[in-house]
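What follows is chain A paired twice: with chain B in the first complex and chain C in the second.
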Partner chain A sequence: MKFIYRRLLLFVPTLLVLSFIVFLMLEVTPGSAATAILDDAASDEAAALLCAQLRCDQPLVMRYIGYLSDVLRGDFGVSIRSGREVISELLLRLPPTLIVSSGAIILALIAGGLIGSLAAVRHGTRLDIIITLFTSIGASMPTFWVALLLVSLFAVRLRWFPVFGMGDGLAPYVLPILAVSLALVPGLTVLIRSTVLEVRQQAFVSTAFGKGLSRERVYLHHILRVAAIPIVTYVGMQAVHLIGTLVTIEVLFSLPGLGGLAVQAALDRDPMLLQGSVLTIAAITLTILLAVDMAVMLLDPRIIRTAE
Partner chain B sequence: MINKRWLLLAALLMSLLSLSAAAAQDGNTVTMIVTRDPVSLDPQTTVDPGAPILLAYIYDTLVYQTPTGEVLPSLAEGWTVADDNLSITFTLKPGIVFSDGAPLTADAVVYTFERLQSVGQRALIYSEVSNIIGFEKIDDRTVTFTLGRPSATLLSALTYPYAGILNPSAVEAAGDSYGQHPVGTGSFMLESWVSESEMTFVPNPHYAGHRPWADPSVGSNVERLRVRFSTDESARVNALMADEADIVYLASGSQLDRIGEGYTVLKSPARALVYVGFNTGRAPFDNAEARRAIEQAINKDDILALAVSGLGEVVNSPLPPTIFGFDETLDGEGMGYDPEAAQQRLADSGVVIDRPLTILTSTFPTFEAIGVILQAQLAAQGISAEISVLDFSTVTEVALAGEYDMLITRFDWNDPDVLWRYLSTDNLGNTNRYFYSNAALDALLAEGRQTFDQNARMAVYGEAQRLIMEDTPLVPLYMPLTLVVVSDRVQNVDLLHSHVVLENANVQP
Partner chain C sequence: MASRIALRQQRYQSTATVFFPLPALRSVSLRLKVAVGLLLLIGLAAFVLPNLTPCDPAAINPSERMLPPSHEHPLGTDMFGRDMFSRVMYGARPTFEVAIGAVLIGAVPGVALGLVAGSKRSLFDQIFTQVVDAWIALPGVLVALVLAAAMGRSLFVLALALGISSIPLFYRVIRAETMRISSEPYVEAATSLGADRKAILLRHVFPNVAPSLLSLVTISIGRMLLATSALSFIGLGAPPPSPEWGSLLAEGRAYMETSWWLIWYPGVAIALTTFAIFLFGNALRDHHGCSA
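== the complex of A and B ==
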C-alpha cells in the first residue's frame, strides 16, 4: 500500500512540470491567441478583452503562478473560443474518449486472447500459420485506413451503423471501437501466443498436467495467470499510446472526444483549454500506469515484497 | 445449446445497435452537416466563424444584402439618411412577430443595439455599431440612430446576422443561457440542442413570409432541420452517401468526384478575394513597375485550374463581383497574362531581382498550392522564389515585420470599405501589411466611407479601384466559391452568402 501512496504522490510534480512545459511551449511558438482568434475586423475593445482574459500584461512566471492558484481553487479557466468553462468542456469530451478506448481494449483483449491462445494451443499447425499471416497483415495496416474501410463498408454501403456523430445510443461507437481494437489485436495476438507457448514449457505446467488436471484447468488457472503479467503491461502501454490513435479516429468519426479537443485547442491557440486537455490526458496516463502496476502486483505478489 | 444462445444474443445486440442508423431520416426532416458546433447562438457574443449560417435561420436583420452587395430592406420597410449624414431613420415592417409570440417593436431594435454595445466587443460589427451614439424611438415602428461620424459602411454591417434583432423579454428571461435559447423573427426557431452532437430547428409558427429573398407564395414543407457537426470533409460526404445527411458544406473540391447522380452542387460566390499582396516597403516591390511586371507574369487561369480545382472566378479588379463597387468594365481592364511583356517591363523598370523572393502564405487550404504555381510562374521569368508556409496567426506577425516579398492571402468582408482596411495609411502596422501608403487613395477611401448616395459611392470606389490597379499594391487572383452539396431529396434549395435558404424548399418524406 505504501508503494501506491508513493506513486500517487508522484502525480503532483509530474503534472506540475508538464503544465509548465505546455505554458512555455505556448510562449515560444510564434503567433498568439489574439492573432489566431481575432479577425482583421475585430475591434480594439475585443483585443483588450482577450488580453485581460489571458493576463497578457503580466510576465510569464506571474501568469503561470496565477494559473496554478486558479487551478488549485478548482478553476481551470475559460476556453477562449467557446467561452465555456474548461472543466465543463472536458467533462463533455471525456465520455466518448473513455467509451471508445475502453471498448476497444476490452474487445481487443477478448479477440486477441482467443486467437492468440488458439494459435498457441495449435502451435505449428496450419491454423497457427494462417493466424500468424493475418496478424502480420493486420499489424501493417494503418488505423485511419482501417477506419475508412470500415466506414465505407458498414456505414456507406451496408448502412448498419451511422457514419459518425454521437447520440442514437451506442451505435455510433461501434465502428470507432472496431477500428481502434483492430489496431490492438495483432500485437496482442502475437504476444499472447508467444507468452502462452513460453509458460507452457515451464516445469509447473508439466507438474499440473502430471497431477492429472484437465487441459482447461491448466490453461485457465496456471498458464493464463502467469501469462497475464506481460499482457497487462503491454495493454497498459498500448492504452497510453491510444490517445494518439484517438486523435485521428475522433476526427474521422466526428466524435467530440479529448484527442480532437487537444488538437483543436492547439490550432486555436486556446491556452486554458490546451492546458486543461493536456493535464487531463496526463492524469489519465498516470492513472493507467498505476493501475497496470497494481494489477501486476495482484497477479504476482512477489513484486509487492520487493517493492516494500 | 450454448452456441445457439450466444448466436441469439449476438443477433439481438446487432439489431439493437443498428436500429437507429436507419432512423436518421424520418418524415420531412432535412439533415445538414456543418463543420463545428457554434457553441452559442447569441449573435452578439458568439465567436464561431461558422455561426452566421445558422444564426440566419433564427434572426432577421433590419437590412439584408443581395449576392451582388446591394443593401435592401429586410425587417425595415425602408430608411432615410439625414442631410448631414449623421442620423438614419428606419421604419419597421408592420405585423412582424418573434417566434415566442412577442411583436417586433422599435424598442426591440433599440435594445438590440444597446446590448451589442455593452456585450458585443467580440462581434465583427462592434466598431461600426459603437459609432451609433444615440437611439431614439420615434414611434412603435420607427427608430432613429444618431452617428458619431458619418459612416456609410454601417448599412453593410447591419446586414450581417450579428446584427439580428433580439426580443428583449426573451434575452432577459434566459439570462446567461440566452445563447442556448435564442429567439428571433426568422423562418426557423431552435427546438433542441445537444452540445457538440446536434441541434434541431423547426419552422417558426409566427413567421409571416417577410424574408425578401424567399417567395411567400411557394412555402416549404420542411418540418424539421437537423444540424450535425463534422470537421472532416470525407466524413461529411460519407454521411451524404449513406443518406444520413441531405445537405453538406464542402471547403474544397477534393471530394467532388465522389458526388454523382442524385445530388446537386450549389456554388455560392463568397464575399471574398484571394490575392497576392506585395511588400511595398522594400526592394524590389517598392517599385510599381516591378509589381506590374509580376502581375503580367501571373497566369490566374492556371492558378485557379491547378490549385483550386476551378472553384472560383478570376478577378482583375480589387473588389470581387459580390462586393458593392464592383465594375465589370474595370475588371475587364486588368493587365492580363503576358510573360514577354512582363519580361520587358521588368527590364525597362531597371529593377534587378538578385535574391530569391519570399512568398509568404498560411496553411489555409489551397494557399500552399497557389504558392507552388506562383513559384513556377516566376521561375519562367528567371525569378527564383522560396515559399514559406506558416499557420495563420504566425503569418500575420511575419508579414507585419515585413519579412516577405509576396503574401498570398484573402479578405472576407461585405463592403468596399475592405480596401480601406487593407490598403489605407490609417491601417499601417495593423491590417495594412503591405506597407502601402498612397495619399490619393487614402482620400478616396475616406470619402467612400462617408458617402451614402449609392451612385456617388459607386463612382468613388470605381476611382479607388482604378488607382489600385494602376499602382498594383496587390494582384487580385480569384473570388472563392462556397460549395454546398444537396441531395435530390430536397428541392428548391438556394444559397444566400453561404446560408442555405430553406424558405422555399421541398423535401420528399
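== the complex of A and C ==
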C-alpha cells in the first residue's frame, strides 16, 4: 500500500512541474504569446485587462505563483475573445473529451483483445497472416485520414451517422470514438497476440488444461490475467499519443471538446483560454498515466512486494 | 524504488518500438531491400521528378476543375483545376523537411542530455528525470498550439514544436542504453586504465548506443511524418496554398462528397511513406539485434 500512496503523492510535484513548463512556454517564447497578443489587442481596455490578468508588472516567478494560486482557487482568468470565465468554458468542454477518450480506450481494448486473441489462437494460419498484415498497414495510416475515410463512408455515403458533430445524443460520438480507438488498435492487437502466444507456453497453463478446465476458462482466468499487465502498460505509454490524436479528431469532427477549444484559442491568440485548456489536457494525460500505473500495480502484486 | 524505475524504463523503452511481425517479410535482408526500394522511389518522386517535369502544382485552370483521375491527370484535379499528381509530388518536400527537422531538434539535445545523465548517477540526472516525467505527458499538439499562438503559423514552428516534445523520448532511451553500456566490462576496464569520462562517453559508450539510436531516429521520422500531416491538417502548419500533405487533405475535406480523389491520394502518399520508413526502422533494429 505504501508504494501506491507514494505514487499518488508523486502526482502532485509532476503536475506542478508540468504546469510550470506550460507557463514558461507561454511566457518566454520569442515574442511571447502574451506580449505578441498585447501588441495587436483591439483596444486599450482589452490590453489593460489582459495586462492585469497576466500581471505584466511582476517578475516571472511571482507571475507563476500568482497564476497557480488563482488556478487552485478555480480562477483560470477571462477569455479576451468571448469575455467569459475560462473555467466555465473548460467545464462545458470537458464531457465530450472524457466521453471520446474513455470510449476509445475501452473500444480499443475490446477490439484489440478480440482480434489479437483470435490471431494467437489461429497462430500461423492464413487468418493470422491477414491480421498481422492489416495491423502493419494500420499503424502507418494517419488517424485523421482514417477518420476522413470513415466519415465519407458512414456519414456521407451510408448516412448512418451525422457528418461532423451535428445531431443529438450519442450519435455524433460514434465515429470520433471509432477513429481515436483505431490509433491504438494495431499496436494492441500485435501486443496481445504475442503476449497470449508467450503466456500459453508456460507451465501453469498446461496445468490448468491438465486439470480439465474448459478452454474459455483457461483463456479468461489464466492467460488473459497475466497478459493484462503488458497490455495496460502499453495503453499507458500510448496515452500521450492518444491525447494528441484526440485533439486532431475533435477538430475534424467539430466536437465541442477541450482539444477543439485549445486549437481555437491558439488560432484566436487568446492567452488565458489557451493556457487553461492546455493545462487541463495535460492534467488529463497525467491522470491517465497515474491510473495505468495503479492498474499495473493491482494486476501485478510483485511490483509492490519488491518495492517494500 | 527499483521497481518504479523498472516500470518506467519499460514504458519508455517500448515507446520506441513499432511492431511489425510481417510474416511475408520474415527475412531481415528482404525487409531492408523492400524498404530501401520503396524509400528510393518516394525520394525520386519527391526530390528529383519535380525538377525535371515542367508541371506547376499551383497552375490554376478553371476549365479543368474537379476532374476525376484520367490519363491526363492521373490523380484528378482540385477545385481550382490544379493537377493533383504534381501537388502530391510537391507536397512531399515540406512534409519531409518538417519531419526530419523535428527529429534533429529533438534528437540532438535529447541524446546529449541522455548520455550525460546515464553515465553517472548525479543530482542532474535525478532532477532532469523528474522534469522529463512531466514533460513527456505534454503531447506535441499542445506544444505546437502554444508556439503557433506565440510565433505565428509556419512549418518551422511546427518542426520546433514536434522536436521539443520529442526530446524526452530520446533522453529516455539514450539514458537507459548508456546506463546499460556503462556497466559493461570494457567500460570498467577503460575507467580503471584512467581514461577520462568524456573520452569514455564518446569513444566507448556512444558507438555502442548508435545502432539503437539509428533505428529510433528512423522510426521517429515516420512518427513525425504522421504528426506533421495531422497538425497541418488542423490548420497549424503553413497557411495555404502550401502543398503539404496534411493541408491538401484539409482542402479536399470540403469536397469529399463529390470528389473522393481529393481526400484519397494525399492520404495514400502519407501512409505509403510512413509504411516504408517504419519497415526500414524495423529491419534496421532486427539487423543490429538491439532492443530499443
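The rule is short, and it goes like this: the second predicted complex is superposed on the first by the 281 of 308 C-alpha atoms of A that agree within 3 Å, B and C clash if a C-alpha of one lies under 4 Å from a C-alpha of the other, contacts with A are read in each partner's own complex, and residues count from 1 in each chain.
The rule is simple: a residue touches a chain if its C-beta (ideal position, glycine included) is under 8 Å from a C-beta of that chain, and two chains touch if they have at least 3 such contacts.
Values in this document were obtained by computation on a predicted structure and should not be read as measured data.
S.K.: Looking at chain A, does chain C or chain B touch more of its residues?
M.R.: Answer, by number of touched residues of chain A: C.
S.K.: A:Leu15 contacts which: chain B (first), chain C (second), both, neither?
M.R.: A:Leu15: touches chain C, not chain B.
S.K.: Please work out whether A:Arg269 is in contact with chain B alone, chain C alone, both, or neither, and reply first, second, both or neither.
M.R.: Touch status of A:Arg269: both partners.
S.K.: Just to be sure I read the superposition right, which of the two partners does A:Ala208 touch: chain B = first, chain C = second, or both, or neither?
M.R.: Neither: A:Ala208 stays clear of chain B and chain C.
S.K.: Return first, second, both or neither, reflecting whether A:Val278 touches chain B, chain C, both chains, or no partner chain.
M.R.: In the superposition, A:Val278 contacts chain C only.
S.K.: If we overlay the two complexes on their shared chain A, which of chain B and chain C does A:Val251 touch? Say first, second, both or neither.
M.R.: After superposing on A, A:Val251 lies in contact with both chain B and chain C.
S.K.: Regarding the shared-chain residue A:Val174, is it in contact with chain B (first), chain C (second), both, or neither?
M.R.: A:Val174 contacts chain B only, not chain C.
S.K.: Once the shared chain is lined up, is A:Val218 touching chain B (first), chain C (second), both, or neither of them?
M.R.: So A:Val218 meets neither chain B nor chain C here.
S.K.: Looking at A:Arg81 after the superposition, I want to know if it touches chain B, chain C, both of them or none. Which is it: first, second, both, neither?
M.R.: The answer is first: A:Arg81 touches chain B but not chain C.
S.K.: Touching A:Val156 in the superposition: chain B (first), chain C (second), both, neither?
M.R.: The answer is both, since A:Val156 touches chain B and chain C.
S.K.: Same chain A residues contacting chain B and chain C, which ones?
M.R.: Common interface on chain A, chain B vs chain C: 30-32, 36-37, 148, 151-152, 156, 251-252, 267, 269.
S.K.: State the interface residues of chain A toward chain B in the complex, per the touch definition above.
M.R.: 30-32, 34-46, 48-50, 81-84, 92-93, 148, 151-152, 155-156, 159-171, 174, 251-254, 256, 260, 264, 267, 269
S.K.: Considering the complex alone, what residue numbers of chain C touch chain A?
M.R.: It is residues 1-4, 7, 10-12, 14-15, 18-24, 130-131, 133-143, 145-151, 222, 226-227, 229-231, 233-236, 246, 249, 253, 256-257, 260, 263, 267, 270-272, 274-275, 278 of chain C that touch chain A.
S.K.: Considering the complex alone, what residue numbers of chain B touch chain A?
M.R.: Residues 14, 16-24, 37, 39-40, 45, 47-49, 121-122, 124-127, 130, 194-198, 228-232, 234-235, 238-239, 241-244, 390-394, 396-398, 411, 413, 421-422, 431 of chain B touch chain A in their complex.
S.K.: Under the touch definition given earlier, write down the residues of chain A that touch chain C in their complex.
M.R.: 3, 7, 13-15, 17-18, 21-22, 25-26, 29-33, 36-37, 128-129, 132-133, 135-137, 139-145, 148-149, 151-152, 156, 186-187, 190-191, 194, 233-234, 236-237, 239-241, 243-245, 247-248, 251-252, 259, 262-263, 265-267, 269, 271, 274, 278, 281-282, 285-286, 289, 293, 296, 303-304, 306-307
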